[in-house]
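One chain, subunit A, appears in both complexes that follow, with subunit B as partner in the first and subunit C in the second.
Let's turn to the complex of A and B:
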């Protein structure tokens, strides 16, 4: 197992930095996702870790050893590409053997290791097939097996699920995560899909414009976003504005206590996730702000409402369809104070 | 166009293209003393004359030898040029393509004359095969280039990257991944180079040394003074030889294209 340390890594193609002085410490066996919109520098960062791109500045250390000037083929990485990049003229077995042959592994050991890895990705019996004879999901698993069979220092995945259909994608998420836990390999996963990053990772690195916006566990990122950009990129969010006064923000939901240093009189933005809000009938006797249902979308397990609060604030609320409200209904809304997260002063 | 009409149309085109060849082949079995069509009786006598004609046999050996060398040199340079063109040329892509195809666009006789001046001015002369092979490579290079770059277009650069991530160095990546996948283009290009080199007249004529000759030159020389069916026999043999090269390399090396 390998610890990866990225220090002040920068890539500049000549039109301003694509990756701007980022630092990440990845623990042994950790699963890290690089998450961000296209062009945020996440793929460039992965390519620099793999060695396909030179770093303009900074260091990449595998267990303390700087690999910046080491060619790709010497870095001992396992990489899974977006389109799998299986060698089309080789059978599954030959694809898997390739990396081991490069390492001059004895023939009988190659055979046992291929059998083991095929069992691991549940493709025993497929060794004589050519990639074109496999489904997308199977090709994906062969690509994973090919990267893992060489027992690399780190596993790098570049949007590996992007070409699969929705159902298979969810299965593969769980599959990859389980496999990574069993093997215990340090993993860097690049994706623009926040659901993938949240469900699979130990920690998520959110990137915008070549910089790291936030590093944290999935719940850190979701519940305690570092700024407005992160809050809006990861999941749905309501931005509630209010004035600070005496350690309390007065909002359309009522007064919300905030911890942290905010000057009295400043206008503050609070993040409120749609599922943190409770909807109650007006006659329930509960306390809460009154609101009117503008529209609702039923999706089976959940209902999404659009509500208008007094003063014209519109919020999105997601609830279980236990009690249903119709468009135009008056309701009470309530959100626990600890579900409001301050994002900083409103500009 | 309706289907039967189209079939007939294709047959007419093929007949038009292949009729001269058929005429030559049939005329070569002529028993008479002159090159006539239809032949006067069937016989192999002109083949016997041809095989015993040391001048023709030497010309064929020279032609095969030059074609083989041309194929190898053109194959290597053309493949390298195509790899550069597809993966590294960047902004220069169009320039590289035009430069590579230039020998096709210039009249062969101009290329031949320029080469003749060139080989003398660099002191190479025409007493060895070097000048002639340079000329043949020049003419056949575009065919290798076109074939290889076409098969490179369907080559996914990620395959090389994957091989590299698995620990393969530059040479291994080429030998084990890229070459097998662009093989149909390379073999096709090399075959073109061989056949075209075997057939080149103008360049060979300008750059040949005294007393040296290739099959097309020898044939032309022969027809200036003789008009026997031996010429048809020589042509038939060269047609069979070229086709044999194509068929054998397809069987042995495989032109099968990998479908992805």
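Let's turn to the complex of A and C:
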């Protein structure tokens, strides 16, 4: 079990920093995701933790020990690559034995540990296969087993599910998360897929342009985004604008009380998630702003509506299809005040 | 004609030009050589009436010819080995090195092929001869007393052959290395392998298909090389190719020359097959 501490880490390839003075403290056994669009510096950060990239500045500490100048092979990491990077000329068994051979583990122990890890990834009986004889999901699990069998200090995963089809991807999310919990290994997971980051992580680090936009639990990130960029990157969001006056923002939904220091008269942006909005029939007698259904998309368990509020504000709403509304219907919309999250002043 | 028959004929039509070319200009002449090798030697004519095994008898009974096959194979082995040792690092650089170097490196690698073979071989005689540039320079500097024997021996032939055939080693290895996913080396490093170990356990074995192709190409080309060995080996060192031409043209013994030519082809083919068996790659589909 290892605690990882990243301090003011910077990588500059010579055209401005790709990673700009980021600091993250990762607790023992924690599963942390680096989430962001391509080019945000998440992969560069992972490569610096692994040792494939030199840090321009800053420190990376494993249990307090700075590893910045330590070569990859000495860092004792387990890494899973996006394309799995299984050795094509070696059987599954040889692939798994590789890291143990490098550590001069005795032959008997290698055998027992391989058997154990194959059982863990549910691939017992596949040890004599070559990688090309395995499906994508199986290759993925071998890659995971190969990284774990050496019992590394930390586990690094670089978009490991990007090459799998949707169904398998969801299975593997659960599989990896369960495995990580069982082993209790400190894990850094790089992804551009917010659903992956949300479902798997203890904490998510959202990165844009080489900087950390927000670090927090999945619910922090989703419900209390630090800024507009984070709010829009993680899930769908409606941005509701309104003027502040006397600690209240007047919006198309009505007056929303806000906590925090906002000057009277300032135009404020509020984040409102589509599923936070309730949709009611006009004749229900409930209170709410009236709106018109522009369009709806039914996807089985959920329905997505596009609504137009008075004043022309368009919002997306997601509901369970218990009550269905048709395009053109007049409806009432209501959202609890605590589901509006202030993002700061509108530019 | 139905659709499936059309489907089968399409590819056949595409390979037809090459197949006809090979058939008419390789297979038929080869068959002719096989027949010729069994003809009686002639008196003042290329060959006489009737057939015999005598040409092969002469080959096997005269150790001179067997020795020559062995010498030729040796020159082939050494040329191949030296090309491999010299070529692999270059191939690696071209495949993985900085891209600025690549275009220049490519031009350098191909440069031996841009000069005609006769001119190139004469060039080597100017460099390697007893009165050549290398010997005169070394003597001038007082490093040697007399000229080093660089020409009219196997050494000179090997030097010149390595020079010409190096690209045939480098290019296949380069393309094999380019085909190796660089993340495999990263994976090996992450598992605790040093750069050297990761090369030895991952990159080298995965470039084996390129090594195999390069070695076979260079070896076969070395065995059949004629101009370079005849100009640089002179009268003293003869490879089989030179002896075959001597028999056919100088002494006008078509049947015996044909038998010699076939013995060279057969031994070469046997070596290539054995080499292929030894380097078989189980992990490839």
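A few notes on this one:
By our rule, the second predicted complex is superposed on the first by the 347 of 347 C-alpha atoms of A that agree within 3 Å, B and C clash if a C-alpha of one lies under 4 Å from a C-alpha of the other, contacts with A are read in each partner's own complex, and residues count from 1 in each chain.
Basically, a residue touches a chain if its C-beta (ideal position, glycine included) is under 8 Å from a C-beta of that chain, and two chains touch if they have at least 3 such contacts.
Note that this is a predicted model, so its numbers are computed, not measured.
Partners subunit B and subunit C, once the complexes are superposed on subunit A, run into each other and clash.
Once the two complexes are laid over each other on the shared chain, residue contacts for A:146 go to subunit B and to subunit C alike.
Of the two partner chains placed around the shared chain by superposition, subunit B and subunit C are both touched by A:77.
Of the two partner chains placed around the shared chain by superposition, neither subunit B nor subunit C is touched by A:41. With both structures placed on the common chain, the touch criterion links A:218 to neither subunit B nor subunit C. Once the two complexes are laid over each other on the shared chain, residue contacts for A:89 go to subunit B and to subunit C alike. In the superposed model, A:242 makes contact with neither subunit B nor subunit C. By the touch criterion stated above, A:17 is placed in contact with neither subunit B nor subunit C.
Looking at the shared chain after the overlay, A:52 reaches both subunit B and subunit C.
Contacts of subunit A with subunit B, set against its contacts with subunit C after fitting on chain A, overlap at residues 50, 52, 72-73, 76-79, 81, 83, 85-89, 98-99, 102-103, 132, 146-147, 150, 156. Residues 156, 158-159, 161-169, 172, 176-177, 180-181, 258-260 of subunit B are the ones touching subunit A in the complex. Every residue of subunit C that touches subunit A in the complex is listed here, in rising order: 181, 183-184, 186-194, 197, 201-202, 205-206, 281, 283, 285.
Subunit A meets subunit C in the complex at residues 50-52, 71-73, 76-79, 81-83, 85-90, 98-99, 102-103, 130, 132, 146-147, 150, 156.
On the side of subunit A, the complex with subunit B involves touching residues 50, 52, 72-74, 76-79, 81, 83, 85-89, 98-99, 102-103, 131-132, 146-147, 150, 156.
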